[in-house]
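Below: one structure in structure tokens.
Which chain is which? They are A, B and C, in the order written, and residues in each are numbered from 1.
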Amino acid sequence: MILEAEKLIKAFGGLRAVDGVSLEIEEKELSAIIGTNGAGKTTLFNLLTGGSKCDSGRVIFNGEDITTLHPYEICQKGIGRSFQVTNIFPRLNTFENIQVAVLSAQGMSKKLFSPSRKMAQEETSEILESVGLSDQKDVLGSLLAHGDRRRLDIGIALAIHPELLLLDEPTAGMSPKESLEITELIQKLARERGLPLVFIEHDMNIVFSISEKVRVMHQGRIIFEGKPEEVKANDEVQEIYLGEKV
Amino acid sequence: MSTEAIIGSVISGLSTGMVFFLVAAGLSVIFGALDIINLAHGSFYMVGTFFCFQSTLWLGSIPGVYWWTVILAPIGVALVGGLTERVFLRRIYDVHILYQLILTFAFILIVEEFCKLIWGVGYHTISVPWPLTGAVSIGGMRFPVYNLFLIGFGIVTFVGLEALFHSTGLGKTIRGVTYNREMAGALGINVPLVYTGVFMLGCWLAGLAGTLMAPMTVVKLGSDMDVLLNCFIVVVIGGLGSLPGAFIGATILGLVTSFGIAIVPGLAIVFGFLLMAIILIIRPYGLMGERVE
Amino acid sequence: MKEFFKGITGINRVWLAVVFSVFLVLPFILSPSWLSITTEILILSVAACGLNLLIGYCGRVNFGPAGLYGVGAYATGLLLEKTGIPFAVAMIGGPVIAGIIALPVGWFCVRRTSHYFALLSLAFGQIIWAAIHSWYSFTGGDDGIAGIRTPDFLMSIPSYYYFTLVIFAICLVVLWMICNSTFGKTLQAIRENPHRVEFIGINVRKYLLIAFIIHGFFLGAAGSLYCGFSHAIFPVYASFLKGNDILIPCILGGIYNFIGPVVGVTVYIFLSKVISAYTMYWLLFLGIVIVLVVLFLRGGIVGFISEKLSPAMQRRGVSGDTRG
């Protein structure tokens, strides 16, 4: 078990976005979190990565209590994350977007006199390669196509040497072809790097094709957890997805 | 300090505070709605003082000439402000704050030079208008009537503005635009027009402050900078975008400065900035501003 | 360190050599008053480049830079005037003390963003100014201190010019290395997306604080140089208006290029001297120029030129240029 969350609660105003969520993420996990809009999925990610403070509950990563740590500290401990709304460095080019993260992971960010032109070249190139952006390495982040920007977002998360990767709707806004490519990428990352990976998704095809485990969230709680087939067969889940009014 | 000196400082502090409020209210309102820190706000104040002076020249010796300028001069300033907003500020609303600061600073330069061009570098004075000349005795102490008038006027203006923002349709529109520009636009509100209107209101207030202040001080170049820094202190203390905050902040600053001058004249100038820094450190959104993350 | 210089391509090396040679022979070409102006340009460039580390690379605006500049000037001036320590030590003392003061100032400022950062830095700048202005017994208050002696060999205009040129070159080289280092790249990431950068393991406040102290050091260095140049220290060195003398050239030249502030300072000082000779409305001219730059030339002069010269390069990333 690499990450354990105990009864996490987060409320905004009077509304509990996350209402007593507990989960355990295993070391070789490739799983998905699904749920209708507003179920609390992104908030949950925020709580796990330090982006929001829990009202109560604990998060334990590799045996260490990380509940109250800042995002940058949690990052240094090894949790990487990509975002639902693309979150990159617009005026840096693609190479630099990744490089900056690699430098941080290598502990090279504070060097006042190490030329950035020379550092972290190999590792950055390798990550660019693995997310399929090598041919665009000189393009400014802001000028990338949407699909490439999502890849970059994932690449940046990958670059910090994570031991656990959390991807928030990685295929959001993508064409079917691009979604397929990203799905393959995710699978490759999990397999080749042995990286435990949890992703939030709305596209059920993707969810059922690659994930080994699915957690269903609804109104701030995990209402079901199990293999994809089990989720498909579950009545309550069916009701929520089919009976829910937007 | 003797009781007389204390009360004297209080009255003087309050009346200065009210003038600060009138100027700072405009700055605060503009920031609240347009998200712009208008460095040239002090300049609009100064233009107000000059318009007031110029009006007294033009209107000559008609009775109650000063009161006519109180009506005319602020409107003139508002028009200048509206022009500025439409032509220049409109283009930099969503740009990095540095450009807003530098652009509005450039306005300071341009306005100063134009004032220099038109009215020269000399001082001008305006006499305190009838019937507010002289002083009254209250409890055995004498206070200039004009100071008391300013205090009263400030309170009335504050109440009036609050009423405008909270009880009228126009006020609700402005508040809607302040909270959520896109939403307001989607609801059919002509956002650019509201922006121009709010900016003009802010300039009108600054011009009014200048006009009211003119009889109490001299009309001169450089009055913009004196006012500007005090303005900032007020809106920081009170909270950028909050009108009640500006009122409280102005009162505090007026009193602090007044007592500061009385007690430790040499260090009086430090107090204002120290207060500003302290507020920014412990509670950046000021006493009454909206919490910002 | 050598690796930095390997990165300067052949043609740029030629340019640098040419420019530096020109600077070396200026005392033989220019009149003493113009040489004096050039010295001022060099000094203000150090300040502007230091300030731009914060503005252009970190994306935060120090709206009261004259405070730390004034600290540098006064530290050096007071050390020279009131103690017998050697000139070199007093000159170093300026930037060092400015850097030390920048620590608490920066510590508070980096906890704020955008408007509040600007206002707080302004407040601190004004507090420093007010302290200098009021502390008559220590700083001479409003009168300032004049007639500060520098070593004899630096008393002539050409000799102080060379002295400034050397310090200027050293400061710019160091700043250039910092801006092009991994630290500099990380600062740019902070500028681009202060939220995301936390999620790559960067403690934003710590990095900004380091940058703030460095920028304070260079502002102080410029102040120091100016003290030696003018042989005097006055509270106006720390005033809000002096601060704008440092800020405006950054915008004029372009905050997204390393050399922008230097170009901006040159244009700014040059114009101010030339135009004030013809008219007493130089500030009006300046105001109009600023308006035009802010509305139409947001990358500043250097930004504009580099876009015209190589639009393709602007779209791609070119290392060494903060635009990416």
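Quick note on the criterion: a contact is a pair of C-beta atoms (placed from the backbone, for glycine too) under 8 Å apart; a residue touches a chain by one contact, two chains touch by 3 or more.
Everything numeric in this text was worked out from a predicted model, so none of it was measured.
Engineer: Going by C-alpha centres, which chain is most central here?
Structural biologist: C
Engineer: Which pairing of chains gives the most C-beta pairs in contact?
Structural biologist: Per chain pair, the contact count peaks at A-C.
Engineer: Please tell me the distance, in whole Å, between the geometric centres of subunit A and subunit B computed from their C-alpha atoms.
Structural biologist: 50
Engineer: Cα centroid separation between subunit B and subunit C, in whole Å?
Structural biologist: Distance between chain centres, rounded to whole Å: 33 Å.
Engineer: When the C-alpha atoms of subunit A and subunit C are each averaged to a single point, how far apart are the two points in Å?
Structural biologist: The computed centroid separation for subunit A versus subunit C comes out at 42 Å.
Engineer: Using the touch rule from the top, collect the residues of subunit A that touch subunit C in their complex.
Structural biologist: 49, 51, 70-73, 75-76, 80-81, 83, 87-96, 99-101, 103-105, 108-120, 138-141, 143, 156-157, 159-160
Engineer: In the complex, go through subunit C and note every residue touching subunit B.
Structural biologist: That would be residues 55, 59, 61, 63, 108, 111-112, 114-116, 118-120, 122-124, 126-127, 130-131, 133-134, 136, 240, 244, 247-248, 251, 255, 280-281, 283-284, 286-288, 290-291, 294-295, 298 of subunit C.
Engineer: Provide the residue numbers of subunit B that touch subunit C in the complex, in ascending order.
Structural biologist: 37, 88, 91-92, 95-99, 101-103, 105-110, 112-114, 116-117, 225, 229, 232, 236, 240, 266-267, 269-270, 273-274, 276-277, 280-281, 284, 292
Engineer: Within their complex, state which residues of subunit C touch subunit A.
Structural biologist: The touching residues are 1, 3-4, 7, 177-178, 180-186, 188-189, 192-193, 195-204, 207, 210, 315-317, 319-320, 322-324.
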